[in-house]
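As structure tokens, the structure follows; a few thoughts come after it.
A, B, C, D and E are the chain letters, set down in written order, and residue numbers restart from 1 in every chain.
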Amino acid sequence: MNNSFLQEELIRESGVNPRKCMRCGKCSGTCPAYEEMEYHPHQFVYMVETGDIEPLLNSESLYRCLSCFACVERCPRGVEPAKLVEAVRLAAVRKQGNNSLKADDIPSLSDEETPQQLLVSAFRKYSK
Amino acid sequence: MQVKEYKPLIVAFCCNWCSYAGADLAGNNRLNYPADVKIIRVPCSCRVNPMFILRAFQRGADGVILCGCHPGDCHYTSGNYFTRRRMALLFSMLDFLGIERERTRVEWVSAAEGAKFAATMNDFVATVTALGENKRLEDLRCKK
Amino acid sequence: MRKCSLSAQDTLFAKLAADATLYLPVDTADGATYQKWESGKVWSDALNTNKSPKEFFFPQMEDLMAFKTAGKTIELIDTRSETEDFIVFGVRACDAKSFEVLDRVFLTEPQDSYYANRRAHGTIVTVACTRPIETCFCQTFGIDAAEPQGDVSVWKTETDLYFNANTPRGEALLQKIEGLTEEADASAVEAQKEQIQKVLKKLPLKDLTTDGFGGDKTEALFDRPEWKTLSEACLGCGTCTFVCPTCQCYDIKDFSTGNGVVRFRCWDSCMYSDFTKMAHGNNRLTQVERFRQRFMHKLVYYPANNDGLYSCVGCGRCLAKCPISMNIVKVMKTLGGKETC
Amino acid sequence: MQKISRESLVEKAIAMLQAHEVSAVLGWKKGEFDYDITPALFTDAEDLQKNFVWNDFCGANFSKYLVEKTRNIEGKILTFLKPCDTYSFNQLLTEHRFDREKVYAIGIPCEGMVDIKKIKDACGEGIASIACEEDVLKVTTLYEDAPIAIETETVLAERCLACKSKKHVAYDELLGETGEVLESNRFDEVERLEAMTADERFAFWQNELSRCIRCNACRDVCPACTCEKCVFDNPNSGVENKAAANSFEEKLFHIIRAFHVAGRCTDCGECSRVCPQQIPLHLLNRKFIHDIDRFYGDYQAGAEVGSRAPLVDYTLDDLEASEIFEGRDN
Amino acid sequence: MQRIGVFVCWCGSNIAGTVDVQAVSDALKNEPGVVFSTNYQYMCSQAGQDLIVDAVREHNLTGLVICSCSPRMHEATFRKTAQKAGLNPYMVEIANIREQCSWVHKEMEIGTEKAIILGKAAIAKVHLNAPLTPGESPVTKRALVIGGGIAGIQTALDIADAGFKVDIVEKLPTIGGKMAQLDKTFPTLDCAACILTPKMVDVAQNENVRIFSYSEVTEVKGFVGNFDVTIKKNARYVKEDICTGCGACVDKCPMKKNPNEFNLGMDNRPAIYIPFAQAVPKVATIDPNACNMLKNGKCGLCARVCTAGAIDYTQKDEYIEEKYGAIVVATGYNPISMDKFDEFAYNQSKDVITSLEFERLTNAAGPTAGKLLRPSDGKHPEKIVFVQCVGSRCDACAEKGKEYCSKICCMYTAKHAMLTRDKYPDTEVYVFYIDVRTPGKNFDEFYRRAVEEYGVHYIKGMVGKVTPEGDKLIVQASDLLADKQLKIDADLVVLAAAIEPDKSARPLATMLTASMDTNDFFTEAHPKLRPVESPTAGVFLSGCCQGPKDIPETVSQASAAAAKVIGLLVKDKLTGNPCIASSNELMCNGCSSCERVCPYGAITYVDKEFRMPDRTTRMRRVAQVNPAVCQGCGACTVACPSGAMDLRGFSSSQIMAEVDAICK
């Protein structure tokens, strides 16, 4: 379960130091999307700290976070959980293998009018 | 002909409250370090004038180490903070003049760190021994 | 008079350096300095070297003796050794004259054996100044830049070097290079001398005289109020004394080495506040007094004791080097002149 | 060519003398030649008219004279300060070295001062006269009939080429305009040396410092060296010496000299200007200034009166002596 | 030239095992100045000391070198021995040949060689030793206590009880401090007023105590034993000695609508007021910003009703200068401002209050006469939420909160919760906590009672936000143990605000040259061993000015500080450490470098006339070291470029002599 490489990556990318967390739960106390989430902001921080990252990667919670940054604003220790959520989200997006959109599918979906930009962003969005 | 083993001469300035006590503790615990190290007791590391350090080199020292309380632990509250700035600038200047930077060192050693004192001295003596004799800050008149 | 082609210069120097150390002025990025000649070193045409050649005979620092201590025992060590022969080549007329000033101090009884030793082994080869500069005023002291003294005088023309021995030691030196030189007539040299005289007449300080100075002028000069204004900006550094070819004051000090003592002497400067410090303190407590001392010594006290010889040779180094541009010329112009005395 | 005219300075000085607002004027006095200008005290109008000069050779920094002159002279002294001089002026005030009330300081702009050595290098020795004109110096030598024109810029002193500030940080009155603190390249040479290997640096300084004749001019001219008794003149200090016996004593003198003014040196460059042996002493001072800026944040001595010099200050998280070389391998 | 005696100790086999002591004493005998050299088994024993004394007498020794164990061990012993022999105790130097030689080296040859060198260094040093005498300074037998809270009161009482004079300076019109505002105190729940007010009366009636209320310290000069302090007595426009505290003026004053500071602005007071019934001194004070007479010259009602004639509208601030031997800082604390904590809606709703406000709400002398009523509508709150750690343990943003734990909040919140449940059992009480910290006698038991006996809901988790909705406050918080987000519709929210040092502390520290940490708490001389002293000699610390603490701890520290003060005042003269800095005034430039590095403020500058070496006389600014204040660190000696500053006992020449001896 321990994924130290990914853990380091997440910490580096997010700039968050989960060890600063004192488990007060203010992030979760303030989170407007709390009810929608399987894993709550304080759990993100705790699970990254312990290296228990796999469940987070596979959780819908990633996409429930609104990135409203209330937790970032309110955290008394400056841990900034939303940045960590974002980092896990990016990690999931970058994960290969279970892409829902394959490059081969693209020609059939696009026509002359489709702007390049749209293709690129669609590819990014759906190939998680 | 037998080649005499090179023994460096090391002068260690130790503050009375932490490092000198640390050196005493090293003694209490019978922790060995080379006899090349000779300690001079000063009330605080901030008593050490750059002139003393240069004087030691002039008189034939091969290395000079300055030991004081850890920052924040100074018996006199702030002495070692001044030491830190003075020595950073002095050492940087010595380096600028092309003098081996390894010959000078500042180390914070508390009264509880007998082991650290001995380890530091062992390391410093090894470093200076590897450098060899001090040629760049010597005064030939003082050589035997 | 002998001559040798300029193109044979290096051969000449090699010959001279064969059995004596040869020093001559060499250009560096920081001005001309005397250096030991070795193949490849080029003789500089510069008029003044940074430091005067006095240090060949009276070095800035020299050990006089030593003591060795062990516990409570002490042993005296004579550190003197016989100096090896050396030649100082390319000395200008002013600097050459300075040796006379120094000799009168060091070689009169009791003789300074350290100085005498060096003097006995050094040969001075002078060279005439073809291009004197604005700071030159050797004429004031009766020195002829076209007729330099020393053991051997040299004139350097476009093509040749002309040699003339002035002393037996000079004769010996010319003897040594006889094979490289040939007998020559003096016409080219005379032409050069004339040329030099023309330039000397153009020099800005040509009219500077010693009028108003001399061994009998102590009372007339000592209390002059101008000393105060003249010395106003003096920093009390030792630049003028250390670049001066005639300043000969020194201090004797002991240096404890840990295993003994080295007794050495080093140049001192009357401009320093701790000059001739004694048990009671210093003789001259203010910079005005110290400043006055230096010039009174050169222009009054020294001539008083040395048959009217001034201890300034007009080399102009102090004019060029003083940090605040105060110098003997300004002093002489302010205090001297016929009308003032 | 300086922007402000000699006449306007003389006029101002005479006016103040005659109104008894000041009792003496510290200024530059004419020398034997056009370039050997002496600092002097003027007390009457005639002297000022005749002998006061202000031109491209007025490099001397007067601040240090105020220490002694304010003590010995009744009434106020008028002094003219170039921008770089004002920093020394402030630093001396910070150290309580003279009474501010006894000085009337007039800030004057400076276009940079020329280096006579560079002129001699360019025109040869034997200079009969030099005329300062707009951007050009007309040099007449004893050996050429026609004057040689050299662009002032090409013979500016090194310290002026790396001028740190055209801003006057202290004055009672400004004549002409003040400028800005400049982005100077004054640390380039320090960095060039830092980039050398230790052996190269050692050789460099060995060569430079071996020329030292211990004339003390660098110390005696330095506006930061105002000790009542210098340690090098004090037989009880343990470092006193009148001449350097060997390379150790050369280094000792120059390290301690620079260390004693570290954090107090305003980088006026007088030490190098006056060195009769042309040793680049200012590099030692600049090394300290550069290190102070890098280790403890930018600090300009003399920028304001009363600022705390870096060596009598600290922060809890200062660099350790062991960390200063991090990222520098040579 | 000194006549030096060298005494090499065997320390049994401790030294003699690795050092050839005979060789050492023989070698050192040859050193210049050494006239006697010997070795002995135990130099520190009576026999060893007698040997030293005899040698001093027999050989007229002037300096002693003892080659023995560390000077940290027996320097004091041998100094006494020297004194016994008629020498100045500072003519002794120790060469440490045990801890730093025989114990760290194994071979006899190496150990002996090093011991000889260390001995030579000590001889070189002792050559330059000079007799030193500790300086003496008189002690003013009066203490100043700055701050009249429980800390200041307790310190003053203890000092006064020992028979010394004490002055208390309090910036408010009454002493009593924060404790006077409290209702009950944990963990015993006795009423704060009941235990504090008798002490206030005691202190007021104690002959040795003077109280300067409504006053502040404006200048401190001098040093330990001899402080010169200027106290500014603010004009209260009422003659303190005449006012009887009857309160007639307070009743009649027409300017009634001024926020009452004592009740934290939750009700109003008149322009002329007495903070509370048990105030000490119980005299009225006129608020010049509120009084019509002082502002416009119209009114004068209070003067008319005052039968004692105590009102004086012309009163001016008064400056009193007094000498003190010791100063105790007891400036206390304040809750931090809640302005930056928007998430708790403190500024949006009157029903979000701080714990100190809650104290006043439950206090019988408070704005609601002790009834717990909501500030907004005066209704009884049914559901109360307490939020812990508001601004404490917060390092995200410096201007918002404090990094440290405020220490007292866990306990007073438990107290509030318990008292609420006790008085109003129908009220639901929630406490949101991060950790509950209850170290202290009977503290955890107290907290457990709140949970177990009183049914307070303790929820681990932090409140995320509070939203006013109608007359309710919606508290959104996480319950970490249940992994739920809660929404509670509370009637009252109580914030346990972090506490910070009083704002007056920083300028005071500057005046006292006492050091502070980054949070503006005063620094103690040693965190463990000298916790009630400031590094500045003669300045002591009492209460929360040094760090957050509760009442029992504050009182303990207050008494400890008093004990230290008494220990100082009981002395007639202070003798200092003679190894201190001294300035050679002839060489001093007056540049201030030394003053700037002195941690004790021991260096001052004086303008003094000197006869200079050049025969002139000159006024010069020179540094002077106060021997009573200097602790001898030597920072100034290196800061001084001219070497005018030197350290006795560790002079530059002594240290260089040691260097030379070691290196030769």
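Rule of thumb we're sticking to: a residue touches a chain if its C-beta (ideal position, glycine included) is under 8 Å from a C-beta of that chain, and two chains touch if they have at least 3 such contacts.
Being a predicted model, the structure only gives us computed values, none of them experimental.
The chains in contact with chain A as well as with chain B are E. Steps from chain A to chain E, minimised over paths through touching chains, total 1. Chain pairs D-E and C-E differ in how many C-beta pairs they share in contact, with the greater number at D-E.
Relative to chain A, the chain whose mean Cα position lies farthest away is C.
With centres set at the average Cα position, the gap from chain A to chain C is 85 Å. Centre to centre, using the average C-alpha position, chain B and chain C are separated by 47 Å. Chain B and chain E have Cα centroids separated by 36 Å. Averaged C-alpha coordinates put the centre of chain C at 30 Å from the centre of chain D. Shown for chain D are the residues that touch two or more other chains, namely 231, 237-238, 245, 311-313.
Within chain B, residues 50-51, 55, 59-60, 78, 82, 86, 141-142 each touch two or more of the remaining chains. Looking at chain E, one finds that residues 597, 639, 652, 656, 660, 663-664 touch two or more other chains. Chain pairs that touch one another, listed by label: A-E, B-C, B-D, B-E, C-D, C-E, D-E. Interface residues of chain A, counted against chain E in their complex, comprise 20, 22-31, 34-35, 40, 42-43, 70, 74-79. Residue ranges of chain C in contact with chain D, taken from their complex: 30-31, 46-47, 50-51, 60-61, 131-135, 199, 202-205, 229, 232-233, 235-239, 241-243, 251, 253, 255, 264, 266-269, 272-274, 319, 321-327, 329-330, 333. Note for the complex: chain C touches chain E at residues 69-72, 256-259, 281-282, 285-286.
Only residues 9, 11, 16, 20-21, 23-28, 30-33, 35, 38-44, 46-52, 55-56, 59-61, 75-79, 82, 86, 118, 142 of chain B touch chain E when the two sit together in their complex.
Residues of chain E that touch chain D in their complex: 586-593, 596-597, 605, 618, 621, 639, 641-644, 652-653, 656.
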